[in-house]
Amino acid sequence: MSQPICVNDFEAWAKNKLTKNAWDYYCGGATEEQTLQDNCAAFKRYRLRPYVLNDVSQVDTSSSVLGDTIPFPVCIASTALNKLAHEGGEIASAKAASSLGSGFMQSTVSTTSIEDIAEATPGSLKWMQLYIFKSQKMSKGIQGVDGSGIKDFATKYIDPALQWKDILWLKSISKLPVVLKEIITAEMAQKAVEHKVDGIVVSNHGARQLDGVPATIDALPEIVKAVNGKCDVFLDGGVRTGTDVLKAVAMGAKAVFVGRPVLWGLAYDGENGVKSVLSILRDEFRMSMQLMGCRSVKGLQEGKNLVVPQTFYPSNL
Amino acid sequence: MSQPICVNDFEAWAKNKLTKNAWDYYCGGATEEQTLQDNCAAFKRYRLRPYVLNDVSQVDTSSSVLGDTIPFPVCIASTALNKLAHEGGEIASAKAASSLGSGFMQSTVSTTSIEDIAEATPGSLKWMQLYIFKSQKMSKGIQGVDGSGIKDFATKYIDPALQWKDILWLKSISKLPVVLKEIITAEMAQKAVEHKVDGIVVSNHGARQLDGVPATIDALPEIVKAVNGKCDVFLDGGVRTGTDVLKAVAMGAKAVFVGRPVLWGLAYDGENGVKSVLSILRDEFRMSMQLMGCRSVKGLQEGKNLVVPQTFYPSNL
Amino acid sequence: MSQPICVNDFEAWAKNKLTKNAWDYYCGGATEEQTLQDNCAAFKRYRLRPYVLNDVSQVDTSSSVLGDTIPFPVCIASTALNKLAHEGGEIASAKAASSLGSGFMQSTVSTTSIEDIAEATPGSLKWMQLYIFKSQKMSKGIQGVDGSGIKDFATKYIDPALQWKDILWLKSISKLPVVLKEIITAEMAQKAVEHKVDGIVVSNHGARQLDGVPATIDALPEIVKAVNGKCDVFLDGGVRTGTDVLKAVAMGAKAVFVGRPVLWGLAYDGENGVKSVLSILRDEFRMSMQLMGCRSVKGLQEGKNLVVPQTFYPSNL
Amino acid sequence: MSQPICVNDFEAWAKNKLTKNAWDYYCGGATEEQTLQDNCAAFKRYRLRPYVLNDVSQVDTSSSVLGDTIPFPVCIASTALNKLAHEGGEIASAKAASSLGSGFMQSTVSTTSIEDIAEATPGSLKWMQLYIFKSQKMSKGIQGVDGSGIKDFATKYIDPALQWKDILWLKSISKLPVVLKEIITAEMAQKAVEHKVDGIVVSNHGARQLDGVPATIDALPEIVKAVNGKCDVFLDGGVRTGTDVLKAVAMGAKAVFVGRPVLWGLAYDGENGVKSVLSILRDEFRMSMQLMGCRSVKGLQEGKNLVVPQTFYPSNL
């Protein structure tokens, strides 16, 4: 295998380096994997309409995440058990993100404690994925739980009785911003806004949960419209190229999160591998902005018809 | 081959265990098998739109069939000559259904008499598929005919002159509820309602009859709309996963019937195999209800836009 | 290879029996063969909506062709050089048609003279495909030209200056009905009607001429609508099953013509092979009428929504 | 390999004759090559609707390019480094075009100087592709730069600050007509017209730049409509057959440009190979005009519904 030069190249390397169990665990999706395929395929169902002859000698790829500025709109999604991919584990991933100014989202099912990650990457943008447990006391105390064995733990104790009012409870016990993940319809986005969340991640849990839900990029437009600027909207699922990032951003996402590609980078070469993956997406995103004739994320989001569904073509003559 | 963990896994086992003749007879469809493929493929053309943060700690999967309650909306469709699949034959299938509280539909072309099935599964929900014979006297007497050789018998004597008024005759000679199978259009569903049937099975005879008719799940919405609650609507054809069940139910079916998967389970391990197939569908259905945020079949059927055709996406920006 | 039981089965036999040259000549289409594939594929893009519980004990498959009754709506299309397929040549094909009461269309590029065919099949329905030659005198005299070598002849002398007014000339010199072939749009059909033709064959010359034109079954509806009953409409191209025949007839064709399948039958077993091909289509057509709940061609053509494009499904919920 | 008889046949020959580097450089497209595939595939998504019984004994295939008449509407697109394909390089390509009366567009990244090409093909139609450099002085002087090494040169010095007003500057320093390439949307076409360009090439740079933009033939209609006759519209990308040419012309292009097919012809047999490629397209275009019943490019462009998107079919019954 030759050196990886695009994000998808890392996948073959990872398959070679990982144990079969780890590979199967990471790459699989729910049931018949229809949504797993669709998350990637859906991006290809949108067409780009560039503006030529704009001065793109200066391009600003930065975006903002809950008020913080990030140098490019790609962060690391929460993925479980990073030490299965590489001994460096979550610390390697978090340091890669930190070194590029990107954000890192820790999984509830982490193989590293939140304290260790915090110590390794001081001052960087970090998110904590929080499953709500049957005992609310336990949810409060999750920031002190050791990572090992957390999976069984979570399976037993995650609360299926969770309700919208619990969001209000969560906001009442913490001053941290609360972002709701796994939102895939306008109806739920509207409800999230009514419950004062600070952000929404348009996500289908990496297509690992309910097969048959829409691809995230397909769901994004109705959610952006429903939210109407009242909180930040993010997206994960299927992002593999700089034009994927650009499509999501032009359609209203403040940033995208990447999961499996980060794991492939981690398996390939630990922190350096993850850095490569993020850098490739950053550079491809900048290049695609230039080719689109856009100088800023704001320009991308305010442009008219920069991204259209393929059904826009062929035009009726 | 590893142990089957989803319904489709049973197919490969069945192919190995059955004689070539039995396999060919069971798995084939009409002409070019376009509808055979489409029955399954069509389910994948609908997208699920989950409601998150509903309390789903208590989920009730039960539905009702002609007034009787069943614990989950999956019953066994009539399939011919079950003893070709396993020596246990129709009794094994019926007992599997009975043990789970599910219903069993006996084929006109059965290798077991209706009396033997009744004796083996007292008190359980049973249906009798009835071909109408040229001699109405013979149709009346079909509940005493021995199963063996019934196929040739049926071919010779089934009545191509059957008409809507014969439904009225049938209702006049029996107090049993009459359910019309092989309804695939709104027009016919309306006519069935006018002729006072108690239920309709949206079906294309397992795609074994007229190639080119719509997939059953594609036909379901127009039929549910035409029936407008005046009788129960059921569906068979192409159901292989719990989300398939959920889609059919959310689109208005009281229950679905499965045919070939039951035969594969029967071939795999007799009564136990059939029980496995039904249990998998039951468990997958319950899980998908939870992931959809629905606590009851009523909730599934009253929710707005829980299931949409794929043409809903990508939304025009 | 086992005995052919459907029309497509004859193709593999023919490929084995024919010289490579003959096979290539018969099976090929224009340029990239997009239309060749589409002629068959398009039929599968229509869905059947059967009427159940009609008395179909008596089914009348007959149709009419320019006033003559034929027992089933399938005739033989003009195909060139039949002796390449089998020594029996056009006579074998014509006799097969004649023995079943079907019609035979002789090609301009025939390997048998029109007189010999007439002598071999007295009293049967026959058509003569007529290319118009540069010398109108020659067109008049074509019924005395010997078949051999007619291809080079035709290539050199066929008239590219042909115009609509020539149709009027043709009608002025003969009392025979004139049917226009290779009509594929409503605009041309309307013009044909204005020029008093007796019939139209919706055709793209077996997809051997201009690649990229519509499949014939796709073009049929607009032509039937434009003609509005003022002349007979026929169709060739892509017919391989009885449901194909039924779709074309239900959409307004008085009869369909089959070309390549007849050649495959001819190659397989001369007159008997052709008879088999026609009989299979006849029997499949009758069976599909019964399954559609239709007792006559008139019933097929007057039924509402018996055939719909696949875009009819999935219905918006 | 047998002698090439259609344009696509040259590709396999070229692959055999070229070094791997040259082949990879010429045949590749941007990122995942979605647009590369789509440029060709999109042509097949349009259907032709011929007019029969028009006198096509005399067909005029000529078109006009910026006021000059060309005998058929196919010219050579700018492609880089022609000497990699054949020692004859740009001179061989230009002479092939010249000998058939077609036009030749020189690449900025040429392996032959513009003076040498001019000397080799006096009096023929020639275009010069111009990248605008950071130093406007350098852009002025580009007609004296030697071809060798121009690629590195261009990469370093091409100006990303280029703006619409630079078009006006360009027009102010030269009396030559200015044609804008890489226009793929109506918005940009309108802007080009406002900036007084003499022509537009609907192009996505051979799908080598921004993956995900529309196929050129899909973009053509909106651009022709936006331009509304105020300047010439041309197209490159995906043209491989005479019916592709016809579709582009019928949809409003004055001419099409072919790039890779010319390189394959060049690799196959230098000037003669390129002549073969152009001649095949010319002859196929003439033949398809005849089969469409059109006698002139004007006729093609004024005809109603000669070319329609495939979504025109199947018509709703």
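Letters A, B, C and D mark the chains in the order given here, with residues in each chain numbered from 1 onward.
We adopt the following convention: a residue touches a chain if its C-beta (ideal position, glycine included) is under 8 Å from a C-beta of that chain, and two chains touch if they have at least 3 such contacts.
Since the structure is predicted, the reported quantities are computational estimates derived from the model, not experimental observations.
J.: Measuring between Cα centroids, which chain is at the maximum distance from chain C?
T.: The chain lying farthest from chain C is A.
J.: Averaged over CA atoms, how far is the centre of chain B from the centre of chain C? Could you give it in whole Å?
T.: Spacing between the chain centres: roughly 41 Å.
J.: What is the distance, in whole Å, between the centres of chain A and chain C, each centre taken as the mean of its C-alpha atoms?
T.: Roughly 58 Å, centre to centre.
J.: Which residues does chain C have that touch at least 2 chains other than itself?
T.: 46, 305
J.: What is the shape of the graph in which nodes denote protein chains and edges denote touching chain pairs (line, ring, star, complete, other)?
T.: The chain contacts form a single closed ring, each chain touching exactly two others.
J.: Please name which positions on chain C make contact with chain B in the complex.
T.: 6, 44, 46-57, 241, 243, 247, 284, 288, 290-292, 304-305, 313-317
J.: In the complex formed with chain A, which residues of chain D make contact?
T.: Listed in rising order, the residues are 31-32, 34, 42, 45-46, 159-164, 166-167, 182-185, 187-188, 191, 209-215, 217-219, 221-222, 251, 305, 307-311.
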